[in-house]
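I have a structure I would like to understand better, so I am pasting it below and will then ask my questions one at a time.
A, B, C, D, E and F are the chain letters, set down in written order, and residue numbers restart from 1 in every chain.
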Amino acid sequence: MTDIQTLHILNKSPDHPRAARCVEMMSAEDGLLLTGNGVLLLARGNLLPGASKVFALIPDVEARGLGDLSGNVSSVDFAEMVTLSLQAQRVISW
Amino acid sequence: MSETFTLVITGAPYSSQAPQTALGFAKAAVDAGHQIDRVFLYGDGVHLASALCAPPSDETHWPDEWSRFLTQHKIPGVACIASALRRGLVNETEQKRYELPSANLRAPFEIAGLGEWVEGRIKSTRTLYFHAGD
Amino acid sequence: MTTLIMIDQPPYGAWTGREALDMAFSLAAFDQSASLLFTGPGVNWLRQTQHAGGIEQKSVEKNLAAAPIFGMDAILADRAACIAYGLDEHSLIEGVTLVDADADLLTDYDHTAFAG
Amino acid sequence: MSETFTLVITGAPYSSQAPQTALGFAKAAVDAGHQIDRVFLYGDGVHLASALCAPPSDETHWPDEWSRFLTQHKIPGVACIASALRRGLVNETEQKRYELPSANLRAPFEIAGLGEWVEGRIKSTRTLYFHAGD
Amino acid sequence: MTDIQTLHILNKSPDHPRAARCVEMMSAEDGLLLTGNGVLLLARGNLLPGASKVFALIPDVEARGLGDLSGNVSSVDFAEMVTLSLQAQRVISW
Amino acid sequence: MTTLIMIDQPPYGAWTGREALDMAFSLAAFDQSASLLFTGPGVNWLRQTQHAGGIEQKSVEKNLAAAPIFGMDAILADRAACIAYGLDEHSLIEGVTLVDADADLLTDYDHTAFAG
């Protein structure tokens, strides 16, 4: 994995105002980790931040039946989520 | 390299997925050889420390799972006192102080102030928050 | 007396949707006419092949499949929301009727309620 | 003309304004000579029936206010059993059944199934819901 | 007061997706009663439904410092809220 | 170590905002640098002449007025949200700094957190 300035962890669905705010406040050096309802952003491809790395928590993706939609999004398990949270310079949980 | 985490849970079990996601993270952190300095329950998250939850037998008992994990790894679990008193989560000390009919805090959770959160943040490499979803 | 139970929250992240489902099943159990309407991210309840074992929850697909058996009138989904979330006849579970969630729809029901 | 209301509260006190708005409505309905058939607590709303809330003394004690109002006007207050058991709200019957360390249901609230909601709806002119805000 | 087909009671702030859905699903014969955070819609005049009657619960308006913004919105107290809920053919709490 | 506490929920309807404020005050009490950022409908915390007696809550204006006294660094508000909610220098309480809530702002803080 590569350097991430800020890891944004988003667990809100794309319709939640905090989801839009999160994507707005990201820079190209940031990473986005989708968990919980946040993984539904994978079903709204046009809303994904173009410039940033996107990760999605596997059990949440599978629960919501979105296994096939990942595209160039990286699936991560909890062990990788731990690693990501340490690699980033800071973590924001939206 | 071993790092230290403080985890803050603000979403209640059976209302939000927060306690479940936090436990998955906590187990993975411990498995990777990291420390969890403490788990701090804030806002609606204090309901995770209830001794009185009785979910259907085919659903995971999140307070039970969390208690077992904290006890096994000797990790302090702290419910914010202001959040807990407003929401009806009390130990025997608070029960007596406020002359309440019973106590309902589950071991090994304790009740303390936000200073525990401040201290955890200072001592930890990372502090992660687990909020309610939608 | 006809009742429409609306679900606008996605599955698994919160319990409100399950509790809305319980309300609808409960109406049906007491021989009251009840339908479900999924709107916004709530339509994700209706996606095929949900595997919720990894998050230690029960898949909601099975709950919904039981709806007609328990006497629920209809499972409705807002067409625009389904399109937004990439749901079509291939990815939706069976038995869902697409509708436009508008003022006209509401006048078809005596009661409309959310679970939370 | 005297009409009948069923009120459903789904938002918790000290998390949402729902119990406060519902009480304002209930008092006005009674003052206008209407009946309140019952008050049904659902989802997070069951926390309103907690006997263990101890908010700061300069904040309104919503569970207390609601208990007093229900008792005064002999209005049944019912917490949904499925919501209550998951969220750690139990009376002595449920305490024994599930072998829990204590009970925390505040009088005059009772615990019962969704059938109470269905019945209230059928018997009432209007059923109003008081949900959490944002 | 006049006839209302459906009384929509909205207690979500204008940024909440349910607020937009509520306004979308209203007809010209309907009434909108703003309570709780819903009264913040008064500060977003352009989002108010044009065709329908709008009411706002006084204590919530005052708490949020919006007393001066009401315009052609009717302020109501709890007693009037009770009356409105009975006059309408049906009530939906958003 | 600098911390930014974000508040995106309006006052009174939920307790999350008050609990966010408690977090910021607590940091200040332990001599930790803390600022508040109000975004979205959260900016309504900053409106003058709130009278919360009618809903039996304490007005949040006074809480915020105490922020500098307790050692809070700054009270920031998103400019766009203030415009959307009709808040300007005449209607905002004193001591608020308008900012653009964007990626650059976040890099000024070691930690950013919500209360819920």
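Everything below uses one rule, namely that contacts are C-beta pairs under 8 Å (C-beta built on N, C-alpha and C of every residue); 3 or more make two chains touch, one makes a residue touch a chain.
Just so we're on the same page, UniProt names per chain: A, E = DsrH family protein; B, D = Sulfurtransferase complex subunit TusD; C, F = DsrE family protein.
Since the model is a prediction, treat every value here as computed from it, not as a measurement.
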Third chains touching both chain F (DsrE family protein) and chain D: B, E
Distance in touch steps, counted as few as possible, from chain D out to chain E (DsrH family protein): 1
Label of the chain whose CA centroid is most distant from the centroid of chain F (DsrE family protein): C
Interface with more contacting C-beta pairs, comparing A-B to A-F: A-B
Interchain centroid distance [CA atoms averaged], chain A (DsrH family protein)/chain E (DsrH family protein), Å: 36
Where chain A (DsrH family protein) and chain D are represented by their mean Cα positions, the distance between them in whole Å: 39
Separation of chain C (DsrE family protein) from chain D, taking each centre as the mean of its C-alpha atoms, in whole Å: 26
Multi-chain contact residues (two or more partners), chain B: 14-15, 17, 43-44, 59, 82, 86, 129, 131-134
Residues of chain F (DsrE family protein) whose C-beta touches two or more other chains: 9-10, 12-15, 40-41, 55, 57, 111, 113-114
Junction residues of chain A (DsrH family protein), two or more chains touched: 11, 13, 15-17, 36-37, 59-60, 93-94
Chain contact topology (line, ring, star, complete or other): other
Touching pairs among all chains present in the structure: A-B, A-C, A-E, A-F, B-C, B-D, B-F, C-D, C-E, D-E, D-F, E-F
Chain B residues within the chain A (DsrH family protein) interface of the complex: 3, 17-18, 21, 24-25, 27-29, 31-32, 34, 125-126, 128-131, 133-134
List of chain E (DsrH family protein) residues in touch with chain D within their complex: 9, 11-13, 15-16, 35-38, 57, 59-60, 77-79, 81-83, 85-86, 91, 93-94
Complex contacts: residues of chain F (DsrE family protein) adjacent to chain E (DsrH family protein): 9-14, 40-41, 44, 47-52, 54-55, 57, 59, 84-87, 91
Residue ranges of chain D touching chain B (in the complex, touch as defined): 12-15, 43-44, 47, 50-56, 59, 63, 82, 85-90, 94-95, 98, 100-104
Of chain A (DsrH family protein), residues touching chain F (DsrE family protein) in the complex: 5-6, 17-18, 21, 24-27, 30, 90, 92-94
